[in-house]
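Order of writing sets the labels: A, B and C. Residues in every chain begin at 1.
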Amino acid sequence: MEILVCIKQVPGTSEVEVDKETGVLKREGIDSKMNPYDLYGVETAVKIKEQTGARVTVTTMGPPQASEILQEAFMMGADEAALFTDRKFAGADVLATSYTIAQGIKKVNIPDLIICGKQTTDGDTAQVGPELAEFLSIPHVANVTEIIEVTDKSIVLEMDMGHSVEVVEMLYPCLITVEKGINVPRLPSFKLKLATKNKKIPFYSLNDFEDKDEKKYGLNGSPTRVLRIFSPEANADRETWTGSGEELTAKLVKKLKELKFA
Amino acid sequence: MARIVINQKLVTKPEELVRLCPFNAIEWDNEYLQINAACKMCKLCVKKGPAGVFTCEEEKVEAIDKSLWRGVCVYVDHVDGDIHPVTFELIGKAREMAAKISHPVYVIFAGSDILTKAAEILHYGVDEVFVYDDPELKHFRIEPYTAVMEDFIHNNKPSTILFGGTNVGRSLAPRVAARFRTGLTADCTILDMDESTDLAQIRPAFGGNIMAHIYTPNSRPQFATVRYKIFDAPARNQEQSGKVTVCHLPADKLQSRIKVKDVKKKETVQTIEDAEIIVVAGGAVKSQEGLALCRSIAEKLGGMLAVTRPLVEAGIADPRLQIGLSGRTVKPRLIICAGVAGYIQFVAGMDKSDTIIAINTDEQAQIFNVAHYGIIGDVYEVLPKLAEQLGA
Amino acid sequence: MAYKKIDSKDIEFLVSVAGKDKVFVGDQIHETYSRDEIVHAGKYPDVVVEAESTEEISRIMKYAYEQEIIVTPRGQGTGLAGASVAFQGGIMISTVRMNKILELDDENLTLTVEPGVLLMDIIKFVQSNDLFYPPDPGEKSASIGGNISTNAGGMKAVKYGVTRDYVRGLEVVLPDGRVIEVGGKNVKNSSGYSIKDLIIGAEGTLGFITKAILKLLPLPKVSYSLLVPFPDLATAIETVPKIIKSKSIPTAIEFMERSAIVAAEEFLGKKFPDKSSDAYLLLTFDGNKKEEVEDAYEKVAHICLEAGAFDVFISNTQERQETIWKTRGAFLEAIKASTSELDECDVVVPRNKVAEFIKFTNVLQKEIDIRIQSFGHAGDGNLHVYVLRDDLPAAEWKAKLTKAFDRMYAKAAELDGLTSGEHGIGSEKKPFLEKAMGEDYMSVLKSIKAAFDPKNILNPGKVC
């Protein structure tokens, strides 16, 4: 069985602020890490590998230094990796990103199962998984909370539907996005670090892809535009209420309704 | 359409220029400065960099004819015919935006045995409800549902489609957006309609510390998802208006490689870290009865009960409900602190909450330093009345 | 000796000094002032004053000295040995309102603070200025005055030392109300007896700390942890001297057993990334460059593997560090939640004797038939051994606890260890200190106490 996990490198901290006067992003330090949600994806894949002997490949789109997180995935038990990198991918929104990854995966090999994390901590959209499945013309299930069974032809899993949980069986090839609570990601292993030190990671650029039309990649291939970024109005309210029990309760109920909690 | 161009001749201190970019998208290879794949087109380098080094060049592309796309559409979010209330909130917003550009309001509803439910939507001021009713659509499965959306969009060419930010909406919307190679903005908190029919979409980015205004200038339809309880649902009209149009898809479009084997009630044990609404019983809530009162208010608000350390130490409450430095850290949307003193031990575990309401008789209590709404009063006077009013 | 009981005139005086809203009598006194983190069967002081300045404290001390009234200094009350509990009543002076950071001197790298500033606030403040206050006791809501009074240690002692190493100067109110300054911003000091070092760790028996000048370091930019699974605790702990010998000094070396991890998981409702092994070492490395820190940890990782570790897991991101250290930080609360009552032995032994001591407690646990759990700072030899009451009846609990403690302190002495590593002597550990140190040593301590406080009014009955 072949499993592919899509991961992403994100900033090491999500504490980003906008300078109130200049409207410019303030970001301290430049360290980055694997998207925390993707750790659950890698863990899911490695767990299936431990049960079935599947081969796990990890891929990412990003600058060359994003190969660091692919190496980290090796330390968690992944077998192979590929990096999709090209300056022409710059400025990609969800659509262009998904299309690029789909083209890259076609180059690597369409596996039986593709696993994505639920979302990333920098983009926060939770869209790349479903869009990728669409571009690969394979079915997908999002919000997977448990893998029940992995067979030769299909995977049985639990999907969170909000108030209910559906048990579904999906035939390969297919894609799932996994929820945070699905498992406890293992820590990278030093033993595996030593064992995979010399593993080569192939880089693929636009020239390697089947579709070389530049209009579909990077900013050119992105239908959305960011017009501006700005600081949200913080909840600066500081109110103190006094009065009788009845008055206070009435005020509280009114406020809860106003804030849409009641 | 656009790209960052670097005038290499003007580059003097490349190491400093590299640091301009918060996304590490500027690279220096000891000869040239280049923009790599990490670029998000935020144009900070253009704004902050020395004049002329970075410029943004727009390429002209052929503009689409937006007048061919008419209608603001809402996808009916449901599980097994139970319509999620976010649907009505979106209808309210769609009506408001459609009025600005004199577009019709459409609703798209796919499921099995849903005709009566579709008629009910006519009480909410929409122009047309498109219904795809088929046993194959009983459960949400991605391929047939995407096929429905594809068929609807081809036939009706709506300008904007809104989805609830539910698990279904967040799975279906991107899939359809990709099929039409168009833009989708997730979890919008503000939506508005420009005269050009471009949808102004504002959403939190980078973990909510920043808001981004996003639009889809040259693609249609334009898609957005919105979470529950962001917009207001309109009141139900006595009279129906608009019409229901029943549509059909050929059987081969309704096939799926997914089989739903079982539907179960969700039984996961929620922890206070995951709760969006928390009612905290503090030291002033000394009895089991007081605790039960707090719990019932929490449940009525759809949240969870939590406690402070004294209640755990007194053996009245489970340590797993304890908030604080030595307990659990929470960041809910709403936290009501009932009779909590607000020592640093506690506050450090909850001061990042969105809205903090505190009830305490002691106006000097430290909890009031972090509360957005401070209620000086006795929990035993306020809470029972609150429980009553929430119950009614 | 008979102390004066508090009467209405005394209260009147205290109100005249501190103001009505800062003096608490009888029912107004909050329950937390009657105890500390472990000593629950404590006693209420007669009056609590939340002082706001050195001058107020000086005036109160002078009055108390003249009237012969007991004074108990109090920080956040997070101590574990009873030093801040007013067992004999009298006046308790709380520093809760003296919580201002007075000065950051970035030319001398010092921070001047009032005693009531919380450790967590100091850490946060200096970090935002790219600086570092290394002492790292688990209880971050403790006050700095309390930390100094117990010479608190914490996790980072292996590389950075303890609180005493980061106190440059103090302002102290003597028992009779006089105010002296000891140390200062100077790096070196050879000017006679080091009163400063006597005050540090004196648990508020020699003087009342009203101001402290702390030494800061530049903030290390990179921090990694290693979680190292071992087949058993003995193998884990026996690896520690080998790590120390290697000269790549970790910031922290902690040991933990699966049972503590499971208890903390249950308590926090958070899963730990690995609990497949019986025993673990948890190491931290810090430095300024990723490469430098990686070099250091790789060397140690190899030592661990050679010593029999199953693997070495690497924690290098904020989330991973938080999960691991949050769990580590919850051990005490988790163990507390798992039993009805507990008491703690905080001995310190030479680092190469830790394994022997832990093996001893395992034997002891079976011999006395009482639950004993331990975790601690393997890297500095400081152990936290908890004896748990569970459902034992009071008399039996008392008897078994005494027996366990007697045996453990005797064992520590046999291994050339000391009575307390970082929690202090207070009231609870005094008998063990007396036994371990002998009469001659104790008589020196008592003479020192008498030199500072001839009337024995400041926190009497503690330490010696």
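Keep in mind that, in the parts below, a contact is a pair of C-beta atoms (placed from the backbone, for glycine too) under 8 Å apart; a residue touches a chain by one contact, two chains touch by 3 or more.
As the structure is a computational prediction, the values presented were derived from the model and not from experiment.
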Practice task
Per the contact rule at the top, check every chain pair and give me the one with the most C-beta pairs in contact.
Solution key: A-B
Practice task
Please indicate which chain is farthest from subunit A, where distance is taken between mean Cα coordinates of the chains.
Solution key: C
Exercise for the section: Averaging only over C-alpha atoms, locate the centres of subunit A and subunit C and give their separation in whole Å. Expected result: 42
Handout entry: Centre distance in Å when subunit A and subunit B are each reduced to the mean of their C-alpha atoms
Key = 17
Handout entry: Two or more partner chains touched - positions in subunit A
Key = none
Practice task
Please name which positions on subunit A make contact with subunit C in the complex.
Solution key: 12-13, 29, 33-34, 36, 75, 184-191, 193
Practice task
Going by the contact rule at the top, pick out the subunit C residues touching subunit B in the complex.
Solution key: 31, 118, 120, 140-141, 266-270, 329-330, 332-333, 337
Handout entry: Contacting residues of subunit A [partner subunit B, same complex]
Key = 11, 14-18, 22, 24-25, 27, 30, 32, 61-65, 85-95, 98-99, 121-131, 133-135, 139-143, 145, 156, 159-171, 174, 181, 218-220, 222-232, 235, 237-246, 248-249, 251-253, 255-256, 259-262
Problem - List of subunit B residues in touch with subunit A within their complex - result: 1-4, 19, 22-25, 27, 34-42, 44, 47-48, 59, 79, 84, 139-143, 146, 166-168, 170-175, 177-179, 181-187, 200, 204-219, 229, 256-266, 268, 277, 301, 333-334, 354-355, 357, 359, 363, 368, 371-378, 381-382, 385-386, 389-390
Fill in the blank from the handout: Touching subunit A in the complex, subunit C uses residues 221, 226-227, 271-274, 298, 301, 305, 311-320
